[in-house]
Amino acid sequence: MLHTTHRTWWKTAIAMVLTAVMLFPVYWMVNVSLTRRESIRRGDLLPFDLTFGHYATVLSEQLPYLATSLVVGLGTVVLTLAISMPAAYAIAKLALPGGQGLSFVLIVAQMVPAVVMSLGFYSIYSSLGVLNTIPGLIVADSTIAVPFAVMLFTAFMRGIPRELVQAAQLDGASPWRTFRSVVVPISRNSVVTASLFAFLWSWSDFIFASTLNREGGDLRPITMGIYNYIGAQNQEWGPMMATAVVASVPTALLLIAAQRYVAAGVTAGAVKD
Amino acid sequence: MATKRRRNLAALGTVTLVGLALSACGAGGGAVPEATGDASEGTTTDEITFWDPYPQHTGGTPWDDLVTSCAPEGSTITRTAAPTADLMNQLTTAVREGNAPDVILLDNPAVPEAVSAGLVAAADQVGIDAAGIDENLLGPGVIDGEVYGIPFGSNALGLYYNADILDAAGIDPASITDWAALEDALAAVTEAGSEGITFSGIAGEEGVFQALPWFWGSGADLSDLGSADAVSTGQVMSDWIGDGYAPRSAATDNQSASWDLFLTGEYAFGENGSWFAAAAADSGFEVGVIPIPAKDGGVAPVPTGGEFLMAPVQSENASDHFANAAAVISCLTEGDKLLETNETLGYLAAKPDVRAEQVAANPLWEPWAPIVEGAEGRTTELGAEYVDVSARLSEALQVSLNAAGDTAQVETAFQDAGEG
Amino acid sequence: MSSSTLPARAPAGPRHPDPAVSPSDHPRRRRPSLSPRWAAAAFAAPLVLYLLLFYVYPLVQNFSMSLHEYDRATFVYGGAPFVGFDIYADILGQDRFRRIAVQTAVFTVVSLVVQYVAGLGLAVFFRRSFPLSSVLRAMFLVPWLLPVIVSGTTWQWMMNADNGVLNRFLGVFGADPVWWLNAENALMAVIIANIWLGIPFNLVILYSGLQNIPGELYEASALDGASTRQQFWRITLPLLRPVSMITLLLGLVYTLKVVDIIWIMTMGTGTSQTLATWSYSMAFGKGTSASIQYSEASAVGSVLLVVALAFGLLYLALQRKQED
């Protein structure tokens, strides 16, 4: 036991070096966020011209946007799962007529640029009167993740042994019951993966927020909050970088927590026996 | 197999058909925008919407307070801001869907296009009064003799300098009155170990805005991008990079980035706008400003900067919306409020008497007043065609900056631009 | 617990015929009230409705725009003349289109290959846990959390030709400073930043794919004396094929439509212009495309869709071949 641990420390060392390389741009962001504006373009390796002023600004201005982002992100996760899981089950296990065609449509759907989507949404939302609302933004953000989630769940659910499902059905369970009490519980890992992607995509969305939610005041996500530092001819990069750092802390913690579950999932079923 | 394929096709077909049906009824949404209505027949409403390109002025900042204080009795104003580059497109979509704001504050080079696309109503209809506004500043708001919007003030470009660096190199800033003198100064300061000049050469309108003082100062004309004078503009900026006077990042820097570089204190000169005048006074070294020199001496005309107050075209109750616009716009541009509007934003007023008041109260404005008075509207001559000319000029400038001094490349780029 | 053990535990008994394929046997098995096909339809209905509502309309709208000659006025007031495929002919005939298509291909292929290889390498590296492995693996996803406007600008600064940290690093090895963002090198610069952005996605998917390969396979082959390298080529890669295929397909689709990172770094100037940024600049009248060109933007967007469509079909064909 001790022996194994000892042997793998060199891997930890290599991993740390790789992580450092990967996160160097993030370090640079932190560096700039701690530097006074006069010096941000000097390119110093350390924040010699140190200030915490940017963080003070951000913490006093950006918290409502962070909260909004969190609500929108979680809402997107719930909606994405609610739509994609049953559909994936139908494609993977219920031999949905036209299932192949649907899978193809899903691939194409991911190709539609968000710009095109957002213009279409604007028309629809305007007539429905849901512009500048959080539910509206949640629905829009979910479109980024739904096709991906359906593909992911379909691939996973194909791997669920047919016998397991049929056993439940022979016991007299309805398809819905089977889905809820057999399929959903064993899909836990892929649920975590899909949720992670849905959350991250909604967290980083700017296009939908800026077209559908621009008059939302405080009920706008953090990607819009950052724009408070962009003026007509003047951008405050210190606070912008500080916002990026502040915003990434809660999500990073979330990631680390989720990492425990992002073990199996994506295409368990695709690995055919 | 065959059945399966047919089923797939059927599914796809259904999807497409429903989509077509949706798109047929979806376009436009409600009522079609119309160029009708008259402010005199309308009354102000409870809710007034105001769009501007100042996201940095968030709720509770002086600008936000100023705008909301202009609400007529019984109304409240909601301000929404978006970066300049997005505001025009957001206005387009909003007018199309019948969600246009009561007032829009739109960047001046976009005005002719907004008018030709039918997005904004004429000043007469809205009841906007342009009396007393300087002709050169009003220029971009007048299309085919009809006034569509008014500026409350203007900003302009000048050549900021780092007095410490010029002192050390023994250069008198007042002596820089033509391109040759500037060239000598740049050579002297870089010789002395400092950096030369920062400017914004970014692709698009912002870079063109910064290039125009040199373009016009060379004697070139926007109607002929291929002229020898036009080529000389590209050449001078290209040489700054080739000779190491300007940072190579100028080709991708916007004006804010260029200012940040100047703020490091390493550069002798920075071409930038009057909106940084107050910030310049607070920087860690002594900053002065001179007008941008013309090629053969004198002051180069700079493009007018700043936004126009206008009322977008509406789909419903246009007269009421126009009444809202008239109330808010006159509040911001008339009487004592005009001074407050300009001081809040760091602009120089569009009316000469108020501008004189500003200069008298604040010596910071002294060098800027004559620059603003000599400024020219970018779109005054070309109208809505300006956007195309600007795009071609931008491409030529990008090639020139990348050429880092190569004369053949610069010449070809401008000649190509001239042929359109 | 882990899903990877499920297939092993399930009895590998005789396969039951698929109820939907042989409808004759369903009354025997199932409660008569709900036919499996209807159940399937009910499960998929929300998705189908969702796709119809939110995807088809924008798509059809986009296609329709590319067949009409729109400008700002007709976009608002309607009445754009129908021109058929003239705009496509015009776009496809331009020299610029060919140049940008090549750049797009380079951007996509290089990004895709490097991201995939790096992601796979890291996934294999992280496969067996070691001290701090899960925390470090999570840290690799941090680039994804950052707003692209911020990370794009950071890359722009790091790649500054005069005092950027990247050039100073290269200078340590005696290399000349590179003008990363000029017309010539811009493509390389945005590819580097895009690869950085794409590694987390590849790592997550490939890593979870690896977790589903039964550990016994490796143990057995180790007993047979297979080296680590042989294990990689004989077990990891073949068993990872379905996951790799989906990763590459999604990566391709996402890379083809990348706009933000390129736009923030170079505004699509020089060699960094791709079909996606070109379409974006025309759709919004930004960058050097100051005048808005809705129809041309839609046409380029449709071309991108057709490319994705072709790869989607290829994917389905490969998938079917694998299932047979």
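Think of it as A, B and C in the order they're written, each chain with its own count starting at 1.
Assume a contact is a pair of C-beta atoms (placed from the backbone, for glycine too) under 8 Å apart; a residue touches a chain by one contact, two chains touch by 3 or more.
As the structure is a computational prediction, the values presented were derived from the model and not from experiment.
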Per Cα centroids, the chain farthest from chain A: B
Most extensive contact between chains (C-beta pair count): A-C
Centroid distance [mean C-alpha coordinates] between chain C and chain B, Å: 37
CA centroid of chain A to CA centroid of chain C, Å: 15
Of all residues in chain B, the ones touching two or more other chains: 15, 26-28, 86
Two or more partner chains touched - positions in chain A: 41-42, 97, 100, 102, 104-105, 119-120, 123-124, 237
Chain C, residues touching no fewer than two other chains: 48, 51, 53, 57, 59, 61, 160, 284
Of chain A, residues touching chain B in the complex: 37-42, 61, 97-98, 100-102, 104-105, 119-120, 122-124, 126-127, 131, 210-211, 214-215, 217, 227-237
Touching residues on chain A, where the partner in the complex is chain C: 5, 8-9, 11-12, 14-16, 18-19, 22-23, 25-26, 28-29, 32, 41-43, 45, 82-84, 86-87, 89-91, 94-97, 99-100, 102-117, 119-121, 123-124, 139-140, 143, 146, 148, 150-151, 155-156, 159-164, 166, 169-170, 172, 174-175, 179, 186-187, 189-190, 193, 196-197, 200, 203-204, 206, 222-223, 226, 237, 240-241, 243-244, 247-248, 251-252, 255-256, 259-260, 262-268, 270-273
Contact set on chain C toward chain B in their complex: 48, 51-53, 56-57, 59-61, 64, 71-73, 75-78, 156, 160-162, 179, 181-184, 265-270, 284-292
Touch list for chain B against partner chain A, complex: 4, 7-12, 15, 26-30, 49, 53-59, 78, 80, 82-84, 86, 90, 93, 97-99, 107, 206, 254-257, 259-261, 263-266, 273, 275-276, 283-284, 307
Interfacial residue positions of chain B with respect to chain C in the complex: 15-16, 18-20, 22-23, 26-28, 32-33, 85-86, 88-89, 92, 95-96, 113, 116-119, 202-205, 247-249, 251-252, 387-388, 390-391, 394-395, 398-399, 402
